[in-house]
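The structure is given below, and queries will be raised subsequently.
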């Protein structure tokens, strides 16, 4: 994926000032997503990158309308093709999900219904959104499984999730997600739960079926290695806010935010563990301070200044950048090259 | 795997709670920080849990009532105060001055006093039956769980057979064994029904712990098997046992009523028990329904209290809820 | 896939239902068609059904092998004996025999039979049939001998065994029968009125192997006759026993030769074991009557229903056994225990209205009842002094009482026990309670003479004092071990001598003396009370006369429905 | 699957063997014994001894046990002495079985039909008013003695209001034809619809009382299970596919949530029999529970023997069936 940087004219999905709060009813509220904005253009692949707890998954669930019905508050907008998804009622949202926007999840075993055959689980999307009869849908499912590279699809149709290998399960999930040829696919850590060798296969499959066919993709990951292979644009999230946004090239070439640098320093190698423990960044998200009293990352930041603990930095265009590159930092890395991590 | 698997599974699931408790680092003894943190966090949850608070209040009131019953009761439970008014035409005299609930069936004893005094006997039957069932289960479960092997097989087959009989049938069968029915035969009958449940519970939690790190470590250090069993494994099983015991207390009281209803209860009613009072009241149901409603109401409230407490304890002690 | 499975299951079910229904068709009787009902009701000859609540299932339909009330109640509607009882009394009356005459020595009895009577299977009833019945009863196989409790206790043996009362039956012509017995006895011929000795059709008994009874496992296996084919001469015929619904139905015998013609078309016995359930079934109109209502319910039943109280024909007593507890050997101790019981209060609070304090071991309606005997009064002071005199002021005694049972003479044994216990405690006698399930050891224990003191009772089979006194004291090693006293054998001899007196008047006065002697000099046990049992019908049912022997003629019921 | 069933059957045989040994030991150590219950208060020591001999109770214990086992295997449990004197005890069992099965089915259906939807919606609105209310209701259901509930139901609906019959299985004067002894079915088969309707009316109250036991259990299991399933990833996946609420509820939530419920139903067999003893006694409903209560109180040992054996056997068999049913709805077991 080197070319195919599409024209920046039209926007498929525009997320503006998305805020998600959990809690209420006596418990202290917790702001999981705090004013996130980004755009996805048709065919574009956008990465949402960050450690767990940074709000990337909650953002995707909010867009999909899959957050629990109670105990949370969602504000802002997520405009898809002219409609704000956040204002849709349950029924309207169901019509969009699976047809226009699809999603695949982290753990393919738990994301598949253990007591329903793979065939039915693929076919039900087709029956739902494309009005197919069961038999046609099953036949179509066979082709879909074939497309995602599952060998002997006719047999697999009748099998159950526990009978498939991890990679095959993820392929089946991808088949379900792509069944109605959605214009946007959200992939939430699609390779995290897989063996390293399989990860590459799945990423290749995504690239082949999604990116090359013009479906837009939001890739949610903590792994900048995944981003490097796939994404056009990268949004780095920390503590529920976007801290840095730039094109893939720009991020890798000149990361300005210390957090991004930390992430870059911890790209797992093939022999590395899958743990999200980032060796390059000391501490954990538990050390955060609220954005209201400063930069959330300050306690863990090696470049933190006095001001970082008293005043939250705004999201601004990096003046040194040649292209669009926004940044939320009082004391970014020096413009030329990154500090060695 | 055997036909009773499912019933066992449910008991084993509870047992796993203990196993999980043991998985906490350094939970070798309850006094260790791990054990404390489980109990501590459970207490933190319970203190704010309205379900637990209601259950505990009811239970506490009941226990206080049982303890102070002789002081609270206006009269004693066995003197036939109103016998002069009892006749074939008026078998159950109603309320009057000093006897607000009137007399009990045909004997002219004060219903209110018997009801208050009954709390004590009810508590005794419930607690003793539970304790006896617990002891039986403790012996069987410990033998099976700590020895393993053929002892485990033999004990568990017997437990299977006990589980395969409906509880009431088992209790009735035990009750009929005694030539002279009394409070004790009742307690034993109810206790035996609980034995297999406690046995499985303990065995399950012991088996999970046998392979847990702290037991392996103790073994590696050369600690004796009996010491491991009694100092390490048993204390860790107490949580689910406590939960089960609370729930069993409720069923024991209800079971006592059922046996009494079927005529196999304690025939000596000089020291009353609610189940017995309810069982005996059925023949007066048409003429004096209060004889049934009062003890029934007491049983329902107390059993409800124990169940609430047991359920909230179960939830609080479930490590899956400790997030 | 699950959908396919469900469809298949439904189809399978439907198919099997279809298959079943092809072989199942209604087998209803059409004689209940509404038209006939209305027509006959208008004539006053009712075609109504009487629904009677029974406390238990009948043991058998052959009364000869029965000993329980539920069986006999049904037998009494189907069968008749040579003699019967006057409705509402225990007095002997003609039934299938119109008259009878004893020889002067009281050992040969000549019965004249009613003529023109047929069993409901068409077999004529005659002298030959009577003798066939007696021969059958006398020649039982081993199992039959154990099962026919009543023959054994009343006749004393089988096949001419030593001591057997029955000595033979001879038919003289068609309608005269001569029955010989080995010794004169007060109970003859009254015992022939017992349902156990009813006349049954010889043809049907042969056809359905009436004597083919077997002992198996822990009980008896009855032949087809006893299970489903009883045939008698009575006002009702056996129709069916619906075991799954626990109902027994009898239908009218239109050829009944007796005087009281049946006024119901059917009698259905619904078996409802639970006492309260029976009462509620009556209240809801599900049944029209039931037997032995709990005395507690009497007041409300009197108000809403038709409560028939029977004359008291039973006795509740507190048995004592000096062999088990030597303390009891002293008459003063036994008297003290008697004086200490507040029987007036016990009877008033725990027994039905109409119950009375007993003054002797037989109820007042029995010939031989000594009217001059006064009941022992409640006198705790006297009891105390008697105990002191006997040197037994700190007496301890084990008192047995039954659980899981209620008898007509003892509706609430545990309450009676409690009353006695506290009365005795008041005079310093300490009671060790020994409750025991009635069928779980109580009966064996007390009857074998293992209980020092125990509650027991007796309901009369027929109107002779021997039926009561003989059962209690005739066996010196029996329940009260009277043999342990020095007067024990004297009492046994007196009982058998008095029983053999042929003249009724002389016999009665002999028993009166004996009763006085028993109460004043012997006091082997403490008779407590006699209670009238009741039978209850709904307001819509009239015409049934309550009988002390529970010999109610249910077929005479007038059901106003 | 076949091996699995065969192994289960062998285990069942072992359990039944132990049951028989315990049963024999129990029967022989009972006070009183069959002689007593046969002869009653009119028994004499002589007649008692004679009967004892006839029943083979004077032989050595081991011989008696051998006979006992032999008889049991051949279905000869002896004859009833009290419940239905003279009838073969096994015959009584088969006669009473349809009544209790009919009652239990109706009770289970009532319990399932109320507990599953209630459990589902309680979980769906976790913490809401419906949830709290129904949890409290189910806990009270556990705390109320079944026989007392039966009593109150009967008193209110049969005695005071007179809407339903207070006892029995069918009105005595209704001349119904018996085919299968499942009265409701019989009425349908023979087209005696009034008989069916009458039988249903007799079933309602005892079935409701009996249903209170499985209701509480099934409700709580369903609720807990649905709560757990609702948080499963595959439900989120199903939502992300935009499936209709109905499909998600049925195929994805309930299908999975029903797995523990199915096993619970098997476990309810014991509880149902316990409940049947009590409800059938209150409603004089001529089923196995009624026979059991009577056999216990009147010490009818043949009948007790059959009923206890069959209770154990029934429990074992039903749980075997449940395991098979479980395998059918859970492919993880079926396809292993």
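Remarks
The first chain written gets the first letter, and so on, giving A, B, C and D; residue counts start at 1 in each chain.
The rule is simple: a residue touches a chain if its C-beta (ideal position, glycine included) is under 8 Å from a C-beta of that chain, and two chains touch if they have at least 3 such contacts.
Values in this document were obtained by computation on a predicted structure and should not be read as measured data.
In this structure, the chain pairs B-D and A-D differ in their number of contacting C-beta pairs, and the larger number is found at B-D. Centre-to-centre spacing of chain B and chain D amounts to 24 Å, using the average Cα coordinate of each chain. Computed from the mean C-alpha positions, the centre of chain A lies at a distance of 89 Å from the centre of chain C.
Work out the mean CA point of chain A and of chain D, and you get 54 Å between them. Chain C and chain D have CA centres that are 36 Å apart.
Multi-chain contact residues of chain A, defined as those touching 2 or more other chains: 117, 120. Multi-chain contact residues, meaning those touching two or more other chains, occur in chain D at positions 30-32, 155, 159, 281, 293, 297, 299, 329. Contact of a single residue of chain B with at least two other chains is seen at positions 176, 179, 263-264, 282, 285-286. Pairwise, the chains that touch each other are A-D, B-C, B-D, C-D. Against chain A, the residues of chain D that register as touching in their complex are 232-234, 236-245, 247, 251-252, 255-256, 259, 329-332, 335.
Contact residues on chain D toward chain B in their complex (touch as defined above): 7-8, 11-12, 14-15, 18-19, 22, 26, 29-32, 139-140, 142-148, 151, 155, 159, 263-264, 266-267, 269-271, 273-274, 277-278, 281, 292-293, 296-297, 299, 304, 307-308, 311-312, 315-316, 319-320, 322-323.
Listing the residues of chain B that touch chain C in their complex gives 78, 80, 83, 86-92, 105-108, 176, 179-182, 263-264, 267-270, 282-287. By the touch criterion given at the top, residues 1-7, 9-10, 157-158, 160-161, 163-169, 172-173, 176-179, 250, 254, 257-258, 261-264, 275, 278, 282, 285-286, 289, 292, 296, 299-301, 303-304, 307-308, 311 of chain B touch chain D in their complex. Chain A makes touch with chain D in their complex at residues 64, 66, 90, 93-99, 102-103, 105, 107, 110-117, 120, 124-125, 128-129, 159-160, 162-163, 173, 176-177.
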